[in-house]
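The letters A, B, C, D, E, F, G, H, I and J name the chains in turn, as written, and every chain counts its residues from 1.
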Amino acid sequence: MLYHVFMDVKIPRDLPAEERADILAREKAYSQDLQRQGTWRHIWRVAGQYANVSILDVRDNAELHQILSALPLFPFMQITVTPLLRHPSAIRGDDS
Amino acid sequence: MLYHVFMDVKIPRDLPAEERADILAREKAYSQDLQRQGTWRHIWRVAGQYANVSILDVRDNAELHQILSALPLFPFMQITVTPLLRHPSAIRGDDS
Amino acid sequence: MLYHVFMDVKIPRDLPAEERADILAREKAYSQDLQRQGTWRHIWRVAGQYANVSILDVRDNAELHQILSALPLFPFMQITVTPLLRHPSAIRGDDS
Amino acid sequence: MLYHVFMDVKIPRDLPAEERADILAREKAYSQDLQRQGTWRHIWRVAGQYANVSILDVRDNAELHQILSALPLFPFMQITVTPLLRHPSAIRGDDS
Amino acid sequence: MLYHVFMDVKIPRDLPAEERADILAREKAYSQDLQRQGTWRHIWRVAGQYANVSILDVRDNAELHQILSALPLFPFMQITVTPLLRHPSAIRGDDS
Amino acid sequence: MLYHVFMDVKIPRDLPAEERADILAREKAYSQDLQRQGTWRHIWRVAGQYANVSILDVRDNAELHQILSALPLFPFMQITVTPLLRHPSAIRGDDS
Amino acid sequence: MLYHVFMDVKIPRDLPAEERADILAREKAYSQDLQRQGTWRHIWRVAGQYANVSILDVRDNAELHQILSALPLFPFMQITVTPLLRHPSAIRGDDS
Amino acid sequence: MLYHVFMDVKIPRDLPAEERADILAREKAYSQDLQRQGTWRHIWRVAGQYANVSILDVRDNAELHQILSALPLFPFMQITVTPLLRHPSAIRGDDS
Amino acid sequence: MLYHVFMDVKIPRDLPAEERADILAREKAYSQDLQRQGTWRHIWRVAGQYANVSILDVRDNAELHQILSALPLFPFMQITVTPLLRHPSAIRGDDS
Amino acid sequence: MLYHVFMDVKIPRDLPAEERADILAREKAYSQDLQRQGTWRHIWRVAGQYANVSILDVRDNAELHQILSALPLFPFMQITVTPLLRHPSAIRGDDS
């Protein structure tokens, strides 16, 4: 089941550089791991913003929340979730 | 080059049923033709709304506008365009 | 799986009275049928507004959309969907 | 009498970890106690957000405010209250 | 129990003059009747707008909705309800 | 002359407890003094919020501002002023 | 006593040309009459919009409303009122 | 050439009292000097807010910005500029 | 003197096709004439919208309004004006 | 390919003066370098605000983001990107 997730990142200026680097490294590993498993279907950067648009493929709302709330950047993100479904005009097998 | 396009549809109540059916049939054919060509990469329905989230892969802003403004439903849509690019954490070959 | 659905109704003034009455009767029957099946878990009127807050229990996003878009009042509603999940402090068996 | 309450939590980063843990433990106990009494009818987590949707069953506006303003997390919450009532299409005995 | 109610009126231009006059007369009588009973505690015009701020004293959310939805102008109003309670600094006996 | 005043209070967390207690005590005394004089006609708490709705009866805009800007909590409030007048349907002598 | 009034005009397309011309002529005469009396202190057009910013000098909220609600264009305007007073840095005799 | 300028002031709490007093004194002198020159045509306080509405008469956009950005309070203000022109109904010689 | 002008076009569906074509032809001629004179410095289409961003170079606010309000599409546009000036980092001779 | 970019700058008060001066000098050099290359086509200051409107001419979304995210002021800016294209009424060779 697919969800559209918009993630807007605001890292506070006073976060120590090392802590920041560590969080970003863990965020990247976490995201790539989920991409490899097929759960995090797509991730795109929004031009001009420290933000991304993602498509997640999960079992249900609970799994979606479990994944998002475990993001290393979660405390510094504003997240907007939009539930998606197959569009009647879609022709790609994986658009649902 | 990828763009995130949100299309919100409001068909006026007084549009004759036949004209409406004709527009919807042409919209579907137009969208599926572009999907087959790989230009309209993804299309998803938004749960509970007469709206969709789409990803288009076009040469430039001009081609994007030419495609969107030629949509049979264009006069009845509120469209929001967000330019995307490859995310540094993306691993899929086709996420850019 | 639970969803919070806010439905705001605006019936156009020029809808013939008979058509209006027919839609409202079908809307009520449709809602009560789904309530009896346990799909439409809760429905409450919002004080001072022609609007309701509902909790739906469905299999997935697709079933949610299928149910909402089949509402007789769907063309006259502004619908907002919020995906829910069990709260870690919940104690009721049916709050998920 | 039922009220729809949306609670959006923003705990400041500089709150000492111990104070934070203590507040969260007291919040959970407080909420579960009121759930057991039947006052806090429902509580759901909103997917992707540190927020919840709750239904409270209280005597009047004053009792509602007394309960909400005594929440251990109250200073860190943005709360929105919506008064509810029985919907004319409701069939469940406890939807009012 | 007190509620703050903001009523914003937009009467459509094509409402026949007679129907309009009739609705306004019934609205006035209805409001004054409830004022005499003490239910509609206060009503003030907002300067420069076809709108009013009112304070209603009712038994519960259900009675509030029953009163508001029976307003002759209800179909032409945007209504916002805010539940009130006695302020800890209030000294007037009737501010609750 | 009546004004509707909405006061939304946000006291910063780092305000010393003593200073906070002192400000709140002075705010209460100031408000009650003006209530006794009949200037601060009504004050109600908004359910679930650290906010109040008030009705002030003053000579003119200047007196209103003099009173509001002298509130001990003024630096910590977001204030919205709405000028009111007698509603043509009002029957109470003191609704103007 | 001064008020800042923003008037945004939207005349419906289907208003007969003659009625429109008549309303505009009466609006102009009405405004100029009040300007001559010193009540309508200032009126400026907003660049690029069918809107104006005005300063009115009236006895009280009631007189302000009486004047605004009698504007021939009142049914076609969105009006926003802001109560003003003398600024402590003002030096002009007539800025209050 | 006239501009409508809305200035909303938010002085941070941690600004040292002396610095604050100095800024306010310089702001007042600066404003009064421009008022005497006829550049700052009007200034009014907004009731209940630390904000003002001003009318400036300058040569062009560049002079307007030079004046506003040199305000001692500029770093603590949210400024909104609206270009004005003579209204066709204006009768005062100085309303343009 | 430069102004940034955003023009959002909404032509009503019931405008006769001939009238529409005539307005569009006159709009184009009007715009191109002003472009040739150097007054309408730039005009760009916004991707996915029936809207444009323009830069106009005029003598003052009054000339700007005279030009905009004479646009054949003016009654069907929502226009937003932003006054511009030379940026301190600009190097192009014509960016002011 | 052209993009409209609005940049709103908010430099935190506690940024050391030297760091601030250094960032501003690098920002200016960076912008002027891109202007000389023809990439940063236009830059204008918005009157009364610490903000600018710019037109960038880049190969694609990715280059746009690479340029914007490398701005020395990027961490202190709110950036809004709007993709542009040649307007059908444009006559200037470089308006696309």
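Everything that follows uses one rule, which is that a residue touches a chain if its C-beta (ideal position, glycine included) is under 8 Å from a C-beta of that chain, and two chains touch if they have at least 3 such contacts.
Please read all numbers here as calculations on a predicted model, not as lab measurements.
**Student:** Tell me, which chains sit next to both chain C and chain F?
**Tutor:** Of all the chains present, those in contact with both chain C and chain F are D, E.
**Student:** Based on CA centres, what chain would you say lies at the far end from chain C?
**Tutor:** H
**Student:** Quick one: report the Å distance separating chain B from chain J, using the average Cα coordinate of each chain.
**Tutor:** That gives a centre separation of 29 Å.
**Student:** Which chain E residues touch at least two other chains?
**Tutor:** 2-3, 45, 47-48, 61, 64-65, 81, 83-86, 96
**Student:** State which pairs of chains touch, listing all of them.
**Tutor:** The complete list of chain pairs in contact reads A-B, A-C, A-D, A-J, B-C, B-I, B-J, C-D, C-E, D-E, D-F, E-F, E-G, F-G, F-H, G-H, G-I, H-I, H-J, I-J.
**Student:** In the complex, go through chain H and note every residue touching chain F.
**Tutor:** 13, 45, 47-50
**Student:** Which of the residues in chain C come into contact with chain A in the complex?
**Tutor:** 1-3, 60-62, 64-65, 81, 83-86, 96
**Student:** Using the touch rule from the top, collect the residues of chain F that touch chain E in their complex.
**Tutor:** Checking each residue of chain F against chain E gives 2, 4, 27-28, 31-32, 35-36, 42-48, 52-53, 55, 82-92, 95-96.
**Student:** State the interface residues of chain A toward chain D in the complex, per the touch definition above.
**Tutor:** Of all residues in chain A, those touching chain D are 3, 5, 12, 61, 64-65, 68-69, 75, 79-81.
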